[in-house]
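A short write-up of the structure that comes next.
Order as written gives the chain letters A, B, C, D and E; numbering starts at 1 within each chain.
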C-alpha cells in the first residue's frame, strides 16, 4: 500500500542533478535560473541536489563529448531507479552546431537513454518549466511532426487541363486519371 | 509500577508519532519561509512528506563495502532520534523519565551523530569521509555546550533527573538565574549548529563535498537519514524548550502540546531566518565560534557553581 | 581449600609452568597450549579464591614465611584485592588462549622468550595485589611483575625502538618502585614495628592516625610519594606519557592487552589502598581528604584530557590504544579524587556519602570495564596486525568485509570505550559523572572536572571513530588486497576469536546490567576490612531492579529499558525503510565521474580531524610520521 | 549585523515575484526567436536556408527532378534566425513558440515537399543552380536524410592525400 | 605612431633577425622573425618592454605557403598596441624554441599547438598532453589541414587512463569534477589534500573541447561563425562574436557603421551586467548563502528580459555579423533600457552597501585565493583578477574598440589580491557598466546598422582583436581565407590564462576555500576548451619566482 503511495509521490518530488557534459554554460545558467525567484520550480517540489545518488532526474546539457561520455554514463548509472533524463538545449537534444565534430559523439541520447527533450539555444526558463510540466503531466506536449506538401504526388505531368487553382494552391482535380 | 510503565509506553508512542508527523512539517515551514525570504513562492508546506515518501520507494544503491553496517546505521539514525523522543517532554512529562537522566540524554544525542559517522565511514567515499571528519569535529566542540546546559540545570536543582532538570522551574519566569540566562543565550547561538543548518552545515556542504556522509546513500536509506535530520531538529527544539521555557507544560494535554508546538514554531522560524541570511562558515571558523561559546558556557557554569 | 591456599597453589603453578615452558619452548605447537593450561588452572584457582572472598568475606591473611630483618611475607585477599584478582585472572586466561595462535607468526623469535616470562608476569601481578608488606616483599613482587614484562616488551628485540621503549619502561618502573618504598619507609620509620613488621600495611594503617595528627608533613610527603609512585605505574599525567605509549605497542598484542588492561591497574590499586585503606575510618577529621581529592581529581582530569587528546593524534593502532589507556586511567583517578573530595561531607550529608561511594564504585567499575574493553581492543588490534602485518591505520582499510567477527568485536569495544549508552563504558562513566556533577554541591570544582570528562568522552569517540573507521570501514587498501591474495582469508581463527567474544560479551553484560557489577563491587568493598572501604560500601545504593540510581533517585539509568526502546525503534525504522518496496542494487562509488576509486583517493586516518589537531597542537603527542 | 538587516530589507522590499507560468503565460517579445515556421506555400526550394544554417540541420534531398524534400530537424536548431534572414521569399518566420518540449525528438521535425517547377519545353528547372546546388552537383555536399546529417568535403581536404594511417570510425 | 615606436624599440636589439614587418594600423604590429631568436625577442618584449603576454598560436599554413607558422601575441598596454611575433617553420620539421621558460604564461598555449598541430616546443617545462582526450591516438593532430573536421580515429581508446602524478606523502587525492555542484561545466581537478588543507593540485581539463576552431576552418562561413562564436560560452557569448567580427573587420579593413559600434557596446555592457550579477549570485551559492544568490538572480532577470527584447534571445543574441549588427535599438527599447537600468541601479546600490558591510561574507573571502601582482604578471592573469590585485588593466581602455573611446568610465581596482577584492571589483563594475550604457544611449548616432558587403574578403590577412569580457580579456586571432571562411581562427578566452593561476591560489588553503577560489575567477571551461580535449598538469611547478625567471632568462 505504502509502496503505491511512494510511486505516486515520485512525480511530486523531483530532485534534479545537472550534468553538463560539454555545453557552453548557457543552458546551465538557464537551469539555475528556473530555481530563482521568477520561475521557482521548487513550487513543483523540484530541488537541485549535488550527488547523482540523490537524484531522480538528470538534466543533461551539452553534447556528449569523447572526454565526458564515460563520466556521463557513470553519472547515469549512479542514479537510483526510477530515473528520468532530460536533454536541455540543442546540444543535448541534437548535438548542436558541432554535432559531427571530431571530438563530439553527438546528442546525449547516443550515450544514455533520454526521456524528455527541451530544445532551445538556450531554452528560456519558461521552456524548461514547460518541459518539467510536460513531464509531470501538468500540460500536454504541443509539438508534433509536420509534413507539408506543396502538391499531392504523383501527379500526371501531362494533363495540365486537370490542374485547378484553389486559393494559392495548385490542385490536381482528377485523381482517377493517374 | 505497571501503571506507570503503561503510561510511559503510551506517552512515548505518542511522542514518537508526534515527532514523525510534525518533523517534516517543520521542514516544510523552513523551506516555505526560506523561499519567501528569497522572494519565491516556494514548495507546498507538505513537500517534505512527499520527499520522504518518494525516497522510500526509490532504488537503494549500495556502493559501500559493508552494506550490513550501512543499513544498520541508517536504521540507527532514525531510531536514535526517536529513542531520544522518549526522553523529551512533549505536551506531557517525558515518558521515560524513570529510565534515564540528563546525562543519558546527552549521550543519546551523541548516538544520533554516531549513526551519521558510521554511515559516512561505511560508504567509504572520499567526500563522505571529509564529511565525517567535519561532523565529528563539530560534535567534539558542540556536545560540551549541551552538557554545560544540563550540568547548570543539575547544579541549580541538585538533581540530574530529567523532570527535575527539564521541568522544574530552574529557568522559569519566577526566578531568572544569571547562569540559566547565559546558557539560554549560548544554546540559542548554537542551535543552528546543533541542527546542522547553514551557516554550520560544514559537514554536509553541498557545494564542496556534496552532502558529505550521505553522498553515497539513496532511496530508503537516504529517506531515513533525512527523516532523522528533520526529527532531530524537532526534538532539539523540544529539548531546548523543555530546558529553558517549560512554562505551560503543566497544562492539560492538548493545550500543553499546542503551547509546545507554538514555541517550537518560533525556534524553527529563528533557525530559518538565520540560515537564510548567512554564508556557510569554514570548519575552522565554526570550531572557533563553538570554542568561544564554550568559554561563555564555562562562565555560566562558574556562575551557577557560585550560586547565581 | 581456603582462598589463600588456592592462591598459593596458583602462584606455584605459574612459577612451575614458567620452568616447564622454558624447557619445551622449542616445541612450538605444544608450548602455547601448555602455557594456557598453566594459566587456566592457576586462574581458576585465583577466581575460586576471589569469589570465595567476595561471597563469604575475607579470609585471614596467610603468612608464607618470615625472614629476620626483612619482615614477614603475608598474603591477604580482601574484597578489593579479589576484584583485581578476578580481572587479572580472566584477562590472563583470555590473552593466553589468544597467544597460542598469535605467537606463531613471529618467525624470527623463539617462544622461549615469551611463555616463561608471560607466566612469571601473571604471577607477579597476582602477588602484587595481595602482598601486605610494603617494603621488601612488595619490591619482590614488583620485580616479579616488572622484569618479565620488561622482557616481554623487548620481545621483538631486533627493533631498536622496542628495546629503547623497554629500557625506558624498566627505568620508570624501578623509579616507581623506589618511590613507593620511600613513601612506606617514611611512614613506617617513626612507628613502632608491630608484630608483623614495620612496613606491614596494617602497621602503617595503625600508625596513620598518629602520623596524621602529629606529623602532618610526613603524612603529606608519604602520600605524595605514593601518589607519584603509583601514579607512574598507573600512567598518570605527566608521568604516563613518559613510558606507556612506547611500551604498550612494543609488546606482542596479548601482552599489550595484559599491560594495558591489567598491569597499570595495579597502580590504581596502589593509589586506592594508600589513599582510602591506609586511613583509619574513625580518624577522618585529621585527614585532609578534600585537598587530596582536589589534587587527584585535577590530576585525573589532566590525565584523561591530555591522554585522550594525544590519542586523537595517533595513526598507529596500538599506540593510539596506549594513549587511551592513559586517558581512561584519568577517569578512574577522577572517580577516586571525587570520592576523596566528598569524604569530609560524607559524615554529615547522606547524599554526599552516597555520592562518595558512587565515585569510588565508578572508579572501580571503570577499572573493570577498562580491563575488559581495552584488552579487547588490543586483541582486536593484534588480530588486525596478525592479518595485515601493520599497525599503521593509514595503510589498512575495508577490513570489515574480510574480518566481520573481529569488526563487530572492535565496534563493541570502541562503543564501550567511547561511552555510548548500552555499553559498559557508559555505565561506569555515568557513575563518575553523577558523583561529580551532583557532588558539586560539596566541591564546586567537580562540576568543571565533569564537564572536561564529558568533553573528553567526545574526543574518545572521535578517536575510535577514526580507529574503527579507518581500519574496518573506508575502502579496502592496497595492502589489504595484497594480504588477501597471499592468505586467501584474513579472519583470524577461533582461538583468537574466543577471547574477543568473551570480552565483548562482558562489555555488553556490564553495559546492559550495570547493577550486577555494582553489586559485585559493593560486596568487594564490604569485605575489605580496613580503611574506608566498608564505610563507603554502606553508602553504595544498589537496588534489586534493573536500574542504577544516584542519591535520592536524583539520577538514574535503566540501560535495559533503553535497549528495549532502541530496539523497537530500530525495528520501526527498518519496517519503514522496507515499506516502500524499493530494490537494492550494487554500484561503484561516485567520485564525480572521471576518477575511479584508487589507493590514492582512499581517505586515511592521517587526514581526519585536521583542524582540531591543529588547534590542539599545544597538547603534545603529535604522531610520528 | 547591520548588513544582514540591509539584506533583509532588500528581500522584504522585493516581496514575492514568482511568475504564474506554466498556469498563465505572458506574451513573448516581438523579436523573440522561437521555433521557425516554414510556409510551404512560399518556399521555392532555393536552399538558401540550408546553406546558411550554422547547425547544418536543414537538409535538402531531391527525390526526383520535380520533388525536393527539405527537412528541418529541429533538434539541434540554434534559433539564430539566419534562415529567416536569408529567405528571399520570407517563407520562414521565427515564431514565438518556445513550448516545444517533447518526449520524442521526431516531433520537432518539419518536412516540406517542394514542387520544383519544370520547363515544359526542355524539362529543366526554371532557375539556374544556386551555390548550394553547385556544391551538391560537384559532390561536395550530400545530405543524408536518414542519418540526419550532411556530408561535406572541404576543398582542402579533397586536395590532400588524407591521413592514410588513420582508420576512420563510422557511425 | 605607437606601433612604430614599439617597433623601433624592438629593432634596437633585434634588427638583423626581423624578416618582415607589417603595420596595418597605428595599433597593430606584425613582426616576422627568424626562428632562432624567438625566445630572446619574447623575453625582451615581456620583461624589458613590459608587454603583457596574450597568447601563442600555431597555424598550419602548408596549403598556402608550405610552412607552419607560430605567432606569439603580446599586448603593449602603455602604447595601446597589440602585436604578433610570427615565426615560419618548415613543413617537414616543425620545431620551435619554447618561450615558456621566459614567459611562464605561455605554457598552455605551447602545449596546445603541440597537441593540435604537432609543432614541437623545445624546452617547454612540461610536455604533458594538454588538450586532446585521454584515448586520442598519438600523432594525430586534428588542426592540421589534412585532417577532416569529422574524422573520428578508430583507435580511440575509451578506457585509457591519464597518467597523473603521485600525490605528496600524507595527502589524499580528492577528485573534483567533471560533475561537481560547484563546477557548472566538466573539468577535473585532482586535489592533494592533507586533512582539510589543499597541498597542491593537478588539472585535467579541456573536457569541453568541441573542435570549434576546426569547424570554422573547414565547414562554416564568415557569417555563420559569429553564431558559433557566441556558443563558445553561453554567458559571454556576445563578447566572442563581437571579437570575432572585429578581428575579421580589422583584417579586411572594414569599418562598421558608428551606430552598429554603439549597439555592440551596449550589448557588451549589458552582458557584463548580467554576468557580474550572475557571478555574485553563484559565488554566494558556493558559499551556501542562497538568499543573496536568489536576490542577485532576481535583479538580473530584467536584464535578461531586456536582452530578449532587443535581440530576440536571452543569451545567445545572434547580434553580430561581419560589418555590423542585426538589430537596431528603437526609441521604445531605449526607454526600456533606461527604466530597467534605473531600477537596477537603485537596487544594486542597496545590495552593494549590504554586501560591502557583510562580515560573514568577509570572513569567508578575505585572505582567500591570493594572487599577487607578480603572479598576475607571470601567468598573464587578466580581468577582475588582475584588477583585484591592483593591476589597472582593462582592454576597453588599453585597446579601445567599438565605441569605448567615446565613453567615459573608470577602471575599478582593489589592492587586496583576494576573493573579497574580486567581489568588490565586480560589484563596483556594475555601476560603471550602467554609466557606459547610459552614455552610449545618449551619444548613439543615427544611421545604418550594417554594411552591405558584396566583395569577397581578401585572403591571408591577419586580424587581432581584444575585448574585455566580464571575466577578462578575450582575444581573437583571425587569418582570413578563401571559400568565404577564415584559414585560422584562434580564440584565447580569459579563463585560459586565469585557470593557470588556480594551483598557486589554492595552495595551502582549506578545501572549503578551494571552491570559492576557483569560483572567484568565474571559470568558463567551455571558453577555455574550444579546441580539443587534453590533460593539463598545472602543479605549482609552473609558478616561478621572479628570481628563478631571471636565472632562466640568463641561461637562455
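The rule is short, and it goes like this: contacts are C-beta pairs under 8 Å (C-beta built on N, C-alpha and C of every residue); 3 or more make two chains touch, one makes a residue touch a chain.
Just so you know, these numbers come straight off a predicted model, no measurement behind them.
Chains touching both chain B and chain C: A, E.
Common neighbours of chain A and chain E (chains touching each): B, C, D.
More C-beta pairs touch across the B-C interface than across any other pair of chains. Think of the whole protein's Cα atoms as having one middle point; the chain whose own Cα middle lies nearest to it is B. Placing every chain at the mean of its C-alpha atoms, the farthest one from chain E is found to be C.
Taking the CA centroid of chain A as reference, the farthest chain centroid is that of C. Here the spacing of chain C and chain D, counted between their Cα centres, is 80 Å. Averaged C-alpha coordinates put the centre of chain A at 67 Å from the centre of chain C. Chain centres here are Cα averages; for chain B and chain E they lie 49 Å apart. Rounded to whole angstrom, the centroid-to-centroid distance between chain A and chain D, based on C-alpha atoms, equals 16 Å.
Touching two or more other chains at once are residues 579-583, 585, 587-588, 590-594, 601-603, 607-611, 614 of chain C.
Contact with two or more other chains is made by residues 37-41, 53, 56-61, 126, 130, 133, 206-207, 210, 215-216, 219, 277-278, 283-284 of chain B. Residue positions of chain D with contacts to 2 or more other chains are 4, 7, 11, 14, 16-18, 54, 56, 78-80, 171. The list of touching chain pairs reads A-B, A-C, A-D, A-E, B-C, B-D, B-E, C-E, D-E. The touching residues of chain D, when paired with chain E in their complex, are 1-4, 6-7, 9-11, 14, 17, 28-33, 52-54, 56, 78-82, 85, 94, 152-157, 159-163, 166-169, 171. In the complex of the two chains, the chain B residues touching chain A come out as 31, 35, 38-44, 47, 50-51, 53-54, 56-61, 206-207, 210-211, 214-219, 222. On the chain D side of its complex with chain A, the touching residues are 14, 16-19, 21-22, 25, 35, 38, 40-41, 43, 54-57, 66-67, 73-80, 97-115, 148-149, 171. Residues 4, 7-8, 11, 14-18 of chain D are the ones that touch chain B when the two sit in their complex.
Residue ranges of chain A in contact with chain C, taken from their complex: 2-3, 6, 51-53, 68, 70-72, 74-75, 77-78, 80-81.
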